[in-house]
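This is the structure, below, for whatever I ask next.
We call the chains A, B, C and D, going by the order they appear; numbering starts again at 1 in every chain.
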Amino acid sequence: MIRVGVIGYGYWGPNLVRNFADQADATVTVVSDQLAERLTLAQRRYPAIRVTTDPFDLIADPAVDAVAIATPVAFHFELAMAALRAGKHVLVEKPLAANSEQALRLVEEAERRGLVLMVDHTFIYTGAVRKIRELIAGGALGEIYYYDSVRINLGLFQHDVNVVWDLAVHDLSIMDYVLPARPVAVSATGISHLPGQPENVAYITLFFAGSLIAHVHVNWLSPVKVRRTLIGGSEKMIVYDDLEPSEKLKVYDKGVTVGQHPEDVYELLVSYRSGDMWAPRFDTTEALRTEAHHFVECVERGARPETDGLEGLRIVRIMEAAEQSLRARGKLVELPADVGEPEMMNAER
Amino acid sequence: MIRVGVIGYGYWGPNLVRNFADQADATVTVVSDQLAERLTLAQRRYPAIRVTTDPFDLIADPAVDAVAIATPVAFHFELAMAALRAGKHVLVEKPLAANSEQALRLVEEAERRGLVLMVDHTFIYTGAVRKIRELIAGGALGEIYYYDSVRINLGLFQHDVNVVWDLAVHDLSIMDYVLPARPVAVSATGISHLPGQPENVAYITLFFAGSLIAHVHVNWLSPVKVRRTLIGGSEKMIVYDDLEPSEKLKVYDKGVTVGQHPEDVYELLVSYRSGDMWAPRFDTTEALRTEAHHFVECVERGARPETDGLEGLRIVRIMEAAEQSLRARGKLVELPADVGEPEMMNAER
Amino acid sequence: MIRVGVIGYGYWGPNLVRNFADQADATVTVVSDQLAERLTLAQRRYPAIRVTTDPFDLIADPAVDAVAIATPVAFHFELAMAALRAGKHVLVEKPLAANSEQALRLVEEAERRGLVLMVDHTFIYTGAVRKIRELIAGGALGEIYYYDSVRINLGLFQHDVNVVWDLAVHDLSIMDYVLPARPVAVSATGISHLPGQPENVAYITLFFAGSLIAHVHVNWLSPVKVRRTLIGGSEKMIVYDDLEPSEKLKVYDKGVTVGQHPEDVYELLVSYRSGDMWAPRFDTTEALRTEAHHFVECVERGARPETDGLEGLRIVRIMEAAEQSLRARGKLVELPADVGEPEMMNAER
Amino acid sequence: MIRVGVIGYGYWGPNLVRNFADQADATVTVVSDQLAERLTLAQRRYPAIRVTTDPFDLIADPAVDAVAIATPVAFHFELAMAALRAGKHVLVEKPLAANSEQALRLVEEAERRGLVLMVDHTFIYTGAVRKIRELIAGGALGEIYYYDSVRINLGLFQHDVNVVWDLAVHDLSIMDYVLPARPVAVSATGISHLPGQPENVAYITLFFAGSLIAHVHVNWLSPVKVRRTLIGGSEKMIVYDDLEPSEKLKVYDKGVTVGQHPEDVYELLVSYRSGDMWAPRFDTTEALRTEAHHFVECVERGARPETDGLEGLRIVRIMEAAEQSLRARGKLVELPADVGEPEMMNAER
């Protein structure tokens, strides 16, 4: 039985508590939050849980084996590091940390101590994303041409990170999970429309070796909510619309082929293929339930999570580069070949 | 009665012929195309029209007052220049020319001879775009924050121009028409997925003075067709979906305001406003009918068209800059302050 | 402080408990269910609540002022009657009872004892339906021509009532609330596709005085979920799509007018009007929260609920007539002029 | 080469002329219409065609082998009968005639003279409907449970027939083509909202032997256009949405099965199956092109068309019965077992 402490009971924390409480092999023993009224709410719902306004009190509690952190990004590093140093396994809400140096130090600390460090990249635990990975890995799409995602809505504005760290982090982690390659460079643009606030709109292009290209559009100031990803391949193409109540995933047998011997510039060089569309069924278990189960299993077995600290570090490095490019209005920023592969990691593998 | 000659009877030419034939004050006298079977088709439909495989024969015909050009982009300049030199008014399919030098020479030639030079930026003549301009000009949206457009589908691949010159040209001309300012710099990315073919996917960010930003996503290799533009303002926001059979235009009373005295980083600084949505009715006349009528009127009255050569030149200059940026993977390219304003134009105004 | 006991903790009961628990002036003191595992679940979530497998034990508990009943329809009458006789106020899940005789006896019992009897017609407490009523009552639609509703999906099959009593009850109660008149006759068709099961598809037409007509299509065996109501009026028309994430309600300025002096059968007698569409904003509070609040208020003040027993009786009478017509394959069944107006009620008013 | 004469050049006639003109084995020789301006329009487009205001002049013309009739329904019988008596093959716009007696007389006249009599049930010639028939005939859907169609929009009001004869005729002919059985009885409701005009809204239930049921909802006064058909089967279910720009046809692997030995009324008797969805590709040739080709072939080969007079008669008989039921507010009207099978027809088969 893994005893979990949850830091932060605002927007996401209650979902963590509920899902860990539902696990057969886990129990939530302590919850902390700065605001007393949130703790009252937690206690009304779960009278057996101890509550505290001091997260370090929670971390120090011997009745806590693992700590889940759902605070503003600015506190991720300090709290996660303290928890690791106290010998606790750690699950951190996305993004892993506010910069790559912090993320790397967390990865190294967890590695050194043999503790589980997992980042809450929730979408990786959805049936839809797992099905996409399966389709791509199985070769159904052929050569992957592009990945294009739009993730826009009105609010919620964050104050300590911009829209890239809040929304694009989802797309970057999905790409890391489903694409057969890792990006080599990034160009981004964006702007803030509210004085003194972080950028609320951003456009990020990721370059890969070869002709694969990826693009992410994120916006906190859109009148409509959109969650739509297109993945184009030489054989098939996917539309993944997360707002569809059913048939979120559609696979199109569409594409083009180029003729070999055009004799005339007017002749049609490119021919089009348009076949059936297919919406595969996939597992619809709540992602956070699957994720909580996976975290508990990794802790029990000493296994490496699918979304481990290293993956969290890779995503943070891309976001840093994107932010750097965005502030230079699209200037290309190269990503190191070993993005997300710290020395000690490579050595061990 | 204006006598019109139409060069090119492939995809777009028949629409031009039909719409000029429908005008009370115009008649189509000659049609030319390189392919004999297309001319047979034209003549079967319109037995009174003379046909020829030689466009210069059409241009030289004294029974032609105005020439409409619907050929591949590569021939726009040569044909339009010949027509102007023959004293004919000219309507050129978008884009005006293959580069800005050509476009400028056409503008100057038309100006010198007092002839009408109009570019076929069709969307400017739709009821939807005119309504958008009216809403923005009337202040309904407040300060304009962003313009975001997605224009993607499968095909038709062009061979002499890339997807920017084929599809983004529509968005750039709409922006030129509806936005209160002109772009000052551009950053673009994109790629070709078919060997030896022009870029088939592109992402273009346009920077303006202040915090207005625009973005265009165009793609010839998408499994689904999308034609959707978002325009965000401080007071209201527009969604313009050209594929909706009705209610193409939706105006949302949505937005945010920033609090003045936040006392706490946890306090909500930003408050959201979500009111009614409104889909205004607008004129649904076929755009090309309105456009043909406007061209005929300009010829009759010696007036300057809404989409004159100068506008065509401005759009070509932006596409040149976008292509330059795209090939340098996002490198910022500044646009001259007088983009689209040749010396002689400024002097005259 | 109103102390509520909730009978039934299956699909709907937990929502009742949660919403009464959230009311400032109410508390849930007892929950009963036949199944022990459901009670375990209730107690884990709400440790202060007493649980029992015996609903009559709950009804007899002096710590219960009001009873909410969320059991299969077959038990509604017996439990509600026992609760009223024990002097408790009662909220019954829809439909009020399994037949009109039972419904009438409940109405009379509550009336005699001065107790609140409310039926859980949830949609009446949604912002959308309240806005529709406001628009119709304010005359915005002009003369009402028709009400047409489709409420279909896959499952959940009921075993003691057919699809009319499960799904059409929603539409009938909405009509009762928003329309300016009451139906005078009904014709219905439908069938069961599963041997030994209740009818799973039904079509109900309601006739009113004048030319108002209403139709409801319900189906438990549809591959897609639809919740769409059209309301046509002489001045405006409404589309209410409950599955839209936003803009559930759209008001169309569309209609026709008939010319007065047609001189020729070929002449167009009817002219069409197509204006703006408008999606009004409305309150999005969870309906059951509003409803729980209303029930508590009625109990405190001795007031008559908006969805009182009489309304429940009216709806049951229509469903009985619809079922009778359905079994006679569409045979018209007249509704009494005083449908839902028992003698004693009329006398008192 | 079949020489076709077209009577009526209003809404549908120009489509007939265009599609017959496009056939390799046909030519349009004469067009007639009461209105001179329509004939001017026809002649401007097709200068080689003779025009006349007198349909009997057209029928008598020896340069006409076959007559296509696109007039108001009231004239179908007289014109078609005259054409048959003049020895011409006949294509009649839907519905075949204004009543079943007329329809039967046309069928018999054509049979007697060995002439082709075809009714323009256009949807039968669409790729979508042909694919539906193929799926049902191949057993993919299992046992067919229901057919449900909604065909509503604003206008165009007809003056000589009601909405059943104008719109439901499409659904009835599609059912006749795709369903494995024919209806045995009908119950219909509906009303007219405009004084002195035909019924503008109607609901028709068709009963079949066994548990198959069909329903059609038609309305000329709907704020939104809907063209959606659901076909439920024991194995799979179809949604056919004719307004979808692509994927008009979706096949759902969804359904239910009933358990055999329920031990408890609370136990779930019915289990649900929800698998993949599949949108098969189908031929997208314009239906009227396929239909014109089929008519020409039947004339050339003396073959019986897929939508022959007998099918037209069957549909007219159902509409007559529906209208009779509608005027009696849902009263069941039995359809004769040999609906659409005149004596002489049966004898010959």
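Throughout what follows, a residue touches a chain if its C-beta (ideal position, glycine included) is under 8 Å from a C-beta of that chain, and two chains touch if they have at least 3 such contacts.
Note that the structure is predicted; figures quoted are calculated from it, not measured.
Chemist: Hey, which chain ends up farthest from subunit A, C-alpha centres compared?
Modeler: The most distant chain relative to subunit A turns out to be D.
Chemist: Count the C-beta pairs in contact for A-D and for C-D, then report the pair with the higher count.
Modeler: If we tally the contacting C-beta pairs, C-D comes out ahead.
Chemist: Measuring centre to centre with CA averages, how many angstrom lie between subunit C and subunit D?
Modeler: 39
Chemist: Between subunit A and subunit C, what distance separates the C-alpha centroids? Give it in angstrom.
Modeler: Inter-chain centre distance comes to 43 Å.
Chemist: Could you grab the centroid distance between subunit A and subunit D? Build each centroid from C-alpha atoms only and quote it in angstrom.
Modeler: 53
Chemist: Two or more other chains in contact with one residue: find those residues in subunit B.
Modeler: Only 224, 246, 274 qualify.
Chemist: For the complex, give me every residue of subunit D touching subunit C.
Modeler: Residues in contact with subunit C: 34-35, 72, 145-146, 148, 150, 152, 154-155, 157, 159-160, 185, 187, 189-197, 201, 203, 205, 207, 211, 213, 215, 217, 219, 221-224, 230, 232, 234, 237-239, 250, 252, 254-256, 258, 265-266, 269-270, 272, 274, 325, 328-332.
Chemist: Residue numbers of subunit D touching subunit B in their complex, please.
Modeler: Listed in rising order, the residues are 45, 47, 224-225, 243, 245-246.
Chemist: Of all residues in subunit D, which touch subunit A in the complex?
Modeler: Its residues touching subunit A are 246-247, 253, 274-281.
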